[in-house]
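One structure, as structure tokens, below. Some questions next.
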Amino acid sequence: MHIVVCMKQVPRDNSVKINADLTINADGIEQIMNLFDEYAVEEALQWNEKLGGKVTVLSIGPEDWKEQIRRALAMGATDSLLLSDPAFTNLDTFGAARVAAAAIKKLGDVDLVLGGRNSTDDETGAFAPALARLLGWTQLTYVGKIVSLESGKIVAERHLEEVIETVEASLPAVVTVVKGINEPRYPSLLRIRKVAKVEIPTWSAADLGLSAADLTPALKLVNRVPPPPRPKGEMIEGKDAAEKVKKLVDKLMEAQVI
Amino acid sequence: MANEIWVFIERTSQGEMAGVSKELLGKARELADANGMKVGALILGAGVGDLANAAFAYGADTAYVVDDGALAQYTTDAYVGAAAALAKKYQPALILTGASFQMRDFSAALAAELDTGVAADSTNVSIENGAVSAVRSSHGGNVINTLTFAPGKTAVVSVRKQSFPEPQPNPGRSGAVVTEAMPGVPMRAKVVSVAPKQGAVNLADAAIIVSGGRGLGSPENYYKLIPPLAEAVGGAYGASRAIVDAGWVPYEHQVGQTGKTVSPKLYMAIGISGAIQHLAGMRSSRTIVAINKDPDAPIFRVATYGVVGDANEIVPLLTEEIKKRTGK
Amino acid sequence: MDFTANYDMFLTEEHQILRRTVREFAEKEVAPFIREWDRSGAAMEGPETRPHIRPILKRMGELGLLGICLPTRLGGAGMDYLALAVVCEELERVDSFLRVVMSVHTGLNSLTLFQWGTEEQQRKYLIPQAKGEKIAAYCLTEPNSGTDAGAMLATARRDGDYYILNGEKTWISLADIADNFLVFAKTDPSKGNRGISCFIVERTMPGFSSQPIHGKLGVRAGNTGSVILEDVRVPVANRLGEEGEGFKIAMTALDNGRYTVAAGATGLIQASLEASIRYAKERQTFGVPIAEHQLVKRMISHMVRKLDTSRLLVYRAGWMKNQGRRNTRETTLAKWHATVSSFEAADDAIQIHGAYGYSDEYPVERYLRNARGAIIYEGTRELQELLQADFALGFRENKPLRRELPAYDPDEWA
């Protein structure tokens, strides 16, 4: 079975700034593997250990963004693919999905695409559904357990807000996973050394046959601002805990929130 | 492009129209009136009953209905197949959906199917000179984006619950019902079973959330203090990532960047210092109460009411006082 | 800001992945519990009351940290000596007891076997240690001899194919936990330093016992104790190096141990700096975050200076080790500078935290207590100062050794 994991590199925390041209400035913030994607990598590795085949970790980003790909390789991914082109700099979610779809079509023999339920920076959760539609594959989002995986068929639990839906679907499919589906492993130190010199194949827009139109954002970003500051709060003072509690409850009842 | 705004009508497990759909109908009505447009209710399901009339009462002019056994349960293929066929035929300018997991799945796939884009988990939507704009936060609430859809394409916007007020229904309103047959689309997935989640906590829906963090000192203190207070205020209980990762509380309860994003009318943060990842998940709550030993904890920066003190002392008193005053 | 960025002249992408892995391990598996572990160590010591130590050592072994800079043919991870520094930095960034494990198990013991051990000794002892299956420690200090190692009283008397060891060693990290010990004892008490020899001693050998030390100022999450040798019969095959070569061996071991201490201290400075930055931006006085006050800024900037200089000194020493160059001067300079700096940085971190820094609500008081010991152990501050002067004045120079620490060979080690 050939499993592709779509992995995104994101800032470790979201204390980002906004540049004058509305792009995001994450300078000085460490870049990490999107946390939900880490679960996807682990899930792919576990099924690969059971079924054999290969696990390709795929990412879109600049050439010098290979560290997280190597990290996934050190965790145990067998193959890697970086999709990199100056034209990819300002992709939106659907643009990224078109790039990934072109690559997956070009790979040709893919049975399953795994990814995190969303990235922790853009938080659209729309990449995988768009990818599935572009590939013409079925999609299973918010998966908290893959019950079985075999040639041509997957059974998975979708962990929704209040229910767990067990769904049977045909392969190939695009699946997104939630936190807690597994316990991601640490990269193996032996593999860190081994993968350090691995050449990461890199495909450009031209390699993928993508035109400027394919990469044009569907939505135009017209404004980007930090959140408005919250109105100044009030510290509840009092001679002891009992008095503070009484005052707090007064306030909450006055505001009709309890 | 037709002059219509569609709202996808979601149902509760009891089969009634979900609150978020009412909110969206209200907003759609307001936008339609201001722009000389009509409101369509997109109703998909098997045995949809009286939903069309309910939608009219909340502001819809037309109900677009596909009532078919294939839609008995949500699958992306069936729902997106039906919705896309309708949208391609009637060309609405805008389709609004809720932002539950199911709707996030649906709206993104639908947008892709319609070769347009999606503004996911938005908090506002507007129409100006025919162009649809949506406001959505990203980067854990630290960035507020305004996005505009290209004209000539159907805009798809999923909207976070409680972004708009629920309108008063007008049971006297009526409208037209347009019924279409289920289109022939490949059905590659089938729901085998649906089971309630063990210990499910729908934090996103809770009007009041009481959350605890590492400042409580131990899991024992968490369970001694937080659920009883949550019960007293009739709310759900949440947790910071720190104590979820430390195994005190199951992940279901986690509020923050990699947990749930919530905006209840009251959020009580107890023994939570307010790491940026936590603030990301709760800073849009209407009223925030923070109880913390450390007067410099960043949580106080976002708090409406702050109390400096030991949670172990304050919370039992607070629980008692609330029970006494609210008569519970 | 990422204080580990822009060391590309020393570090590769491998080191960055390693750093992230070790950081995750320490933050996930140690940080949430460290306050309790540290507190529990204030009252008592000894493995029976410190149930966290063995599982953490096991995890470090599984991850491959304990043999990080040893060739894979010897059970190691095949990474270089700079990787050892990165591991120590990241471990001590969370707590010193983790780095102490690297110091004694990897730096003082395993690398010494790597440098001086016979093939047989390496097969029997080094491979299981590199894999983390056996834990190792180092026994030089005695109740009445620390810096003045030549004054040691422990003896090793030859008896056929055995030596019979007697004596007491103290301030031994992992005394109650380790399986294998490098023990220094006098085979010829009349000869001072030249009469010292080195032995590989196993805990299971009859006559071996250990006991914990209570009431330490710092590193309370770890185990420190005394080792008592009463007529312990050690096979001649377990003598490391030649008879009388023990002092030289002890000193080369310290070149590696001190390197890990210096790297760890660098991590501790970073922890102090990170905690201070976080707090200085949060805490407000006179209507502004205290980060805006000049005297707070000065403390922050001094920490930055100490962090970067310490790190550069450590990486230079690591680079020299990779090249196979003797590095006693560079390593001791790094150790002196980084440990003294780490104590000062922790002190300033407490000052920035004000009264909160004085309680264990915040980690900085633990940093201070943990930093203090490293100014004493593995060569006191004063000894390092003298060494630097002696090297500069030409009173001391590196003499060639019978066995040098092998240079890093990426192909042969892989």
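Going by the order they are written in, the chains are A, B and C; count residues from 1 in each one.
Operating definition for what follows: a residue touches a chain if its C-beta (ideal position, glycine included) is under 8 Å from a C-beta of that chain, and two chains touch if they have at least 3 such contacts.
Keep in mind the model is a prediction, meaning the values are calculated, not measured.
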Counting only C-alpha atoms to place each centre, which chain is farthest from chain C? B
Which chain has its C-alpha centre closest to the mean of all protein C-alpha atoms shown? A
Between the pairs A-B and B-C, the one where more C-beta pairs touch: A-B
Starting from the mean Cα coordinates of chain A and chain C, work out the distance between those two points in Å. 39
For chain A paired with chain B, centre-to-centre distance based on mean C-alpha positions, whole Å: 21
Starting from the mean Cα coordinates of chain B and chain C, work out the distance between those two points in Å. 52
If we count contacts the way the header does, which residues on chain C are in touch with chain B in the complex? 28, 32-33, 279, 282-284, 356, 361
Mind pulling up the chain C residues that touch chain A in the complex? 1-2, 12-14, 16-18, 20-21, 24-25, 63-65, 68, 72, 77-79, 410, 414
Which residues, counting only chain A, touch chain C once they are in their complex? 28-30, 32, 66-67, 70-71, 74, 186-190, 192-194, 196
Partner chain B, residues of chain A touching it in the complex: 11, 13-16, 18, 24, 35-36, 92-94, 97, 120-126, 128-130, 132-134, 137-142, 155, 158-170, 173, 179-180, 217-227, 230-231, 233-236, 241-242, 244-246, 248-249, 251-253, 255, 257-258
Can you list the chain B residues touching chain A in their complex? 13, 75-77, 80, 100-102, 104-105, 107-109, 111-113, 116-121, 133-134, 137-150, 153, 188-197, 200, 202, 204-205, 208, 233-234, 251, 257-259, 265-266, 276-277, 280, 283-284, 286-289, 295, 300-310, 313-314, 317-318, 321-322, 325-326
